[in-house]
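This report refers to the structure that appears directly beneath it.
Chain nomenclature is as follows: A, B and C, assigned in order of appearance, with residue numbering initiated at 1 for each chain independently.
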Amino acid sequence: MVHRVLVGVLLVYLLAPFLWMALYSLFPASALQSLTPNLDPRLITLGSYRRLLGDSSFLVPMAHSAIVGISTTVVCMVLGSGCAYVLARYRFPGRHTLLVGMLTVQAVPVIVLAVPLFVLLRAFGMYDTLPGLVVTYTAFILPLVVWMLVGFFQEVPPSLERAAVIDACSRLQIVWRIAVPLAAPGMAATAVLAFITSWSDFFLAKVLTSGNAATLPVRTAAFQGLFAMDYTAAATAGVITAVPVLLLALVAQRWIIRGLVEGAVKG
Amino acid sequence: MAAPALVIIVLLLGYPMGYAVFMSGFDWSEKTATPPSFVGLGNYAAVMHDPQVLAALLRTLFFAAVTVGAGVTLAVLIAVLLNVEFRGRTLVRVLLLVPWAVPPVVNGIMWKLIFDGSTGVVNAIGLGLGIFHDRVQFLADPTWTMNVLVFAETWKLLPFLCLLMLAGLQGIPANIYKAARVDGAGAWQRFLRITLPNLRGPITFALVVQTMWSLKVFDTIYVLTGGSGGPAEGTTTINFLAYLVTFSNLDRGYGAAIAISATVLVLLFAVFWTVVLRDRKEVAR
Amino acid sequence: MDNLISRRLLLQFGAAAAGAATLSGCVSPGDPSAKGSAGASDGPLKPGGKPAGELTILDDNTNKVFQASAIAAFQSATGIKVKTYTMGNFNDLHDRFATLFAAKDSTVDVVMTWAGWTAEFGQAGWLQELDQTAVPKDLIKPALDAVSWRGKVYGLPKFSSVQTMFWNKTLAKQAGLDADKAPATWDEFVAAAKAMTRPGQYGYACDIGNPAGAYQNFLRVLLLNGGDMYDQDYKPIFNSEQGVEALTKFKELLTLHKVMDPASLQTTNASDLGDQFARGSTGIVFNWPFQYAVATGKASKLTAQTVGNGLIPGISVRSASIDGSEGFAINNYSKNKEAALAWLQFVTTGTVQQKIVDQEGWFPVTSTVLDDPKSAAALPVVTTYKETTKYATKRWGTPWSNELDQLLSVQLNNVMNGKTPPRDALNSAASQTEALVKRYLK
C-alpha cells in the first residue's frame, strides 16, 4: 500500500508539470491564471495548435529541426559505428586516451566554442545553413555516440566473428552481418539519443543561425520577447517541440533503457 | 574506419578550442574602436580577482552540488522503489522517460508557467490550501529563482539517473538478499550492506556525467529568466556569465577567458571522478 | 596545447588551412580593418544619385503592420527592391547584430536601432555615419537622439516613443476617486495607487524583472526627482541626493505603501506589463504609447472610455519621462548603402509616419505629422506626448548600456528586496559605472 502511494506520488511528480503545460496549450490562458483554475472541458480549443501549425514561421523551423536531427543522426551513426568498431576490436597505443577523450569532450561548455565556430562556419560559407548545423552537431554528438557504441560492440562475442572469418567473410561483411545486428538495440538507443540531442539544442542554433536556418527550439524560445508573453502559444510550442521526442522515447523505450543504461554502466 | 570520425572531432572541436585559447590572450573588446592587444595571461589574472566571477562560481557550485546530490540520492531511492515487482511497473518505467525527453527550452517555459508570481499554479495551490499567506514571487527573488532552477533541472535529469540505478540493481543477484534475510538483516541493513555497495559503479558514473552536465547548464536559465540570468544575476552561473560577457558586453577576450576557466573547472571535476571510477574498476577486477 | 595540435593538423589538411587563413583574416586582432573602416566609404553618407538594387532589412518585432504597405510603396516610389524583410525578437537582436557586424557581414543592409545600440555599434564603427544633408529637417529631437551618438548621426528614426501614465478609470471610480483627474504630484499618485490597492488588485505595477527594465524604471524616477545620470563629461552623478531620494520613494511603493504589484520584480518587458494592465486588475502603469492600443484592444477589459492618460507625476519637478524611440541604421559593410539610405528616408516621410500613428499606435518622428490634427484624432495619447516635450525626456543610450543595465539591475533588486540601502546601492553602481565610462568612452 505504502509502495503504491509512493509510486503514485512519483508519477504525479514526473507527469504533472508537463500535463499542466499541455492544459495551458488547450485552455484559454485566462481560465488557468486565476486562483481557481477553470478546467471546464467545454473551454478546450485546438485553436492554438491550428494557428501554430498553419504558420510558416513556425513550420519552417520545425522542418529544419527534423532535417538537421535526422541528418546528424545518420552521419553520426555511420561515422561513429566505424570508429567505435575499431576501438572495440583492436588494441593499439593511445586507444585508452581516445576513449577518455570522447568522454572529456562532454566537459567542454559550448559557450567556449561559440564564437570560433561562428567564425569557422562563416569562412566556409556555412553560417546560417542547415549543413552548417549538421556539421557542428556531428562534432559535438559524435564523441558520445562513439563512446556508447564501443560498449555495445564489446558485448558482441568475438568468437562469432572468428567463425565468420573462417567462412571467408571480409571485415566489412563481418561488421555488417554480425556485429551490427547483434548490437542493434544499443545502436538504436544511441541513434535516438543523437537525434534528441540535436533536436533539443538551443544555444548553438541560436548563435549559428540567423533566420534562414533557425530551428524549433530557437523559435519556441522566441515566444518570450519584446511582446507580451503569449502563454498559450508558448505552451503549445513547448508541447509541439517535446512531443516528437516523447514519442520517439516511448517507441524506443525498451532499447533506450537497455542501451543507454547498460552501455553506460559497463562503459 | 576510425579516421573520418576522429578528423571531424579534432577539426571541429580542436580548432575552435585553440582559437578560444588564442582569443583569451587578448584585450579584445568589439566595442572600443581600438584593435585587440595581446595581454598574455592578463585576462586570467582579472578572472581570478573579479567579484562577479567569484559570485557566479559559487552559484555554479551550489547548483551543481544540489542537482547532483539530490539527483543521485533521489535516483537511488526511486530505483529501489521501482525494482519491486508490481502491476504496471513497465508503464511506470516508460513514463519515467517523460522529463528526460523534454527539451531544455521547453523545460524553461514549463516551469515559468508553474512558478510565475502572478499567474503560476503553485501560487494558486499554495493559497488555496492555505500554505501561503500571500503570493510568493518565486521568479523575483534571486534566491528563490535559483531554487526554482535547481528544482527544474533536477526534475529533468532524474530519469536518466534512475535508469542508471535500475540497471545497476538488476545486476544484483537475488539470492544475496535472501541470504541476508536468513541472517536476520532488516530492510535498512540490506539497503546499506548490499544495495549501496553494489550500486557504486552506476553511482560513480552518474556523478561523473551529471557533474559535467550540471556545470554546463545554459538553456533552461536562458528561457526561465528571459535571457537575463536574473533577477539580480541570481541565476548567472559561470557559463551564463561567459555568455553575457561575450555576447552582451562584446568583450571577446575576457569572455573566452571566463569560458576557458569554466572548462578547466569542469575538466578538473571530470578527472577527479574518473580517478575515483578507475580505482573502483581495478578493485572490482 | 590545443592550439599546437590544431596548428599541426591544419598543416596536414591543406584545404582546412586555406579556410582558416580566410577566417583569421576575418576578425584577426591587430588587423586595423577588423574595426570597421574597411569596406566603408570615407566620410558620412550623402544622399544623391539614383540608387537601385536590392535591400535586406532586419527589423525588430515592435511594428507588425506598417511595413506591409510601406515596402510596396517604397518599391514603386524608388524602384529599389526589398529582397527580404525579417523581424527578429528584440531581446535576441543585439547578439545577432553584434555577431554579424563582427564578422563584417554584408548580407544585411539595414538594421533596426535605438539609442543604446546607436552608441554602441556606432562607436564600434559598425554603422554608417550620415551626412547632415541626409537628415530631414523636421525631425523631433528625442527621435534624432535615438540614432545619434556624440554629435554623429548613424541612422534615421522609425517612431518616437515616450512613456506616459495610464490609469484604469473603472478602478479609480470604485476607489472613490475622481476618475477623470490625473494625479499631478507624486504624493497624489501614491494616494491614488493606495486607494486602488485591495485584495487581488494593485494600484501600480512596473517591469523591473530584467536589466533593461530595471534601468528604465530607475532613470524615470531619477528624472522625476530632478536628477540626472551623468554630467557633461559622462561622470556618473545618479548617486546624488536626488537619486537616493528618488530610489527611496520608488522602493517605498513596494515596501512601505505596498501599492506596487510584487510581480513587477519578475516582469521582464513592457508588453507583459501592458497585458497585465489590460487584464484590468492594475490601477496605474507608466508605459510606452502602445499601451493605449493594448488597453483599448479586443482582448482588454478596458475601453477608450475607461483608459485615463496623462503626464507622469513628478517628485520635485512637475513631470519627466524616458525616451524609447527606435530607428533604422545602415550596416557599415553593406554593399548598397545608397539604396539603404533611401529606405531610411522613406520611413520618415509623412505617409509612412501617419501609418505608424494610425496602425501601430506609436508617435511620429517629424513635427509635421505630430502637429497634424489627424494624429491626435487617431491616437489620443499624442496630446499627452506633446505636453511631455516641455519636460525632461532622456534615455542616455551609451556604448556601455548593457553593462550598466546589468549592474544597476542587481543593485535595484537588492534595494527592492531590502538587502541594500538605496544610498549604498547607488554609490556602488556609480563607482562601477565610472570604470565602464573610462573603458568605453572614446
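Quick note on the criterion: a residue touches a chain if its C-beta (ideal position, glycine included) is under 8 Å from a C-beta of that chain, and two chains touch if they have at least 3 such contacts.
The structure presented is a predicted model; accordingly, all values stated were derived computationally and were not measured.
Novice: If every chain is a node and each touching pair gets an edge, what shape is that graph: line, ring, star, complete or other?
Specialist: complete
Novice: If I rank B-C and A-C by number of C-beta contact pairs, which comes first?
Specialist: B-C
Novice: Taking each chain's centre as the mean of its CA atoms, how far is subunit A from subunit B in angstrom?
Specialist: Each chain reduced to its C-alpha mean, subunit A and subunit B end up 17 Å apart.
Novice: Go ahead and note the Å separation of the Cα centroids belonging to subunit A and subunit C.
Specialist: Roughly 38 Å, centre to centre.
Novice: Send over the residues of subunit B in touch with two or more other chains.
Specialist: Those would be 11, 15, 17, 19, 118, 226-227, 247, 252.
Novice: For subunit C, give me the residues that contact two or more of the other chains.
Specialist: Subunit C, residues with two or more chain partners: 20, 91-92, 95, 99, 268-269.
Novice: Specify, in ascending order, the residues of subunit A that touch 2 or more different other chains.
Specialist: 119-120, 207, 224
Novice: Please give the residue numbers of subunit C that touch subunit B in the complex, ascending.
Specialist: It comes out as residues 2-7, 9-10, 13, 16, 20, 29-32, 34-36, 91-92, 94-95, 98-99, 101-102, 120, 123-125, 209-211, 261-266, 268-269, 276, 399-400, 402-403, 406, 409-410, 412-414, 417, 439-440, 442.
Novice: Residues of subunit B touching subunit A in their complex?
Specialist: By the definition above, subunit B touches subunit A via 1-2, 4-6, 8-9, 11-13, 15-17, 19-20, 23, 78, 81-82, 84, 86, 92-106, 108-111, 113-114, 118-119, 121, 123-124, 127-128, 155, 158-160, 163-164, 166-168, 171, 201-202, 205, 208-209, 212-213, 215-216, 218-219, 222-223, 226-227, 239, 242-243, 246-247, 252, 255-256, 259-260, 262-263, 266-267, 269-270, 274.
Novice: Which part of subunit C faces subunit A closely enough to touch in the complex?
Specialist: So the residues of subunit C touching subunit A come out as 19-20, 22-23, 26-27, 58, 60-62, 86, 88-92, 95-96, 99-100, 103, 105, 268-272, 274-275, 279, 294.
Novice: Any idea which subunit B residues touch subunit C in the complex?
Specialist: 7, 10-11, 14-15, 17-19, 21-22, 26, 28-38, 116-118, 135, 137-142, 225-228, 230-234, 244, 247-250, 252
Novice: Mind pulling up the subunit A residues that touch subunit C in the complex?
Specialist: Touch list, subunit A to subunit C: 30, 118-120, 122-124, 127, 206-207, 210-211, 222, 224-229.
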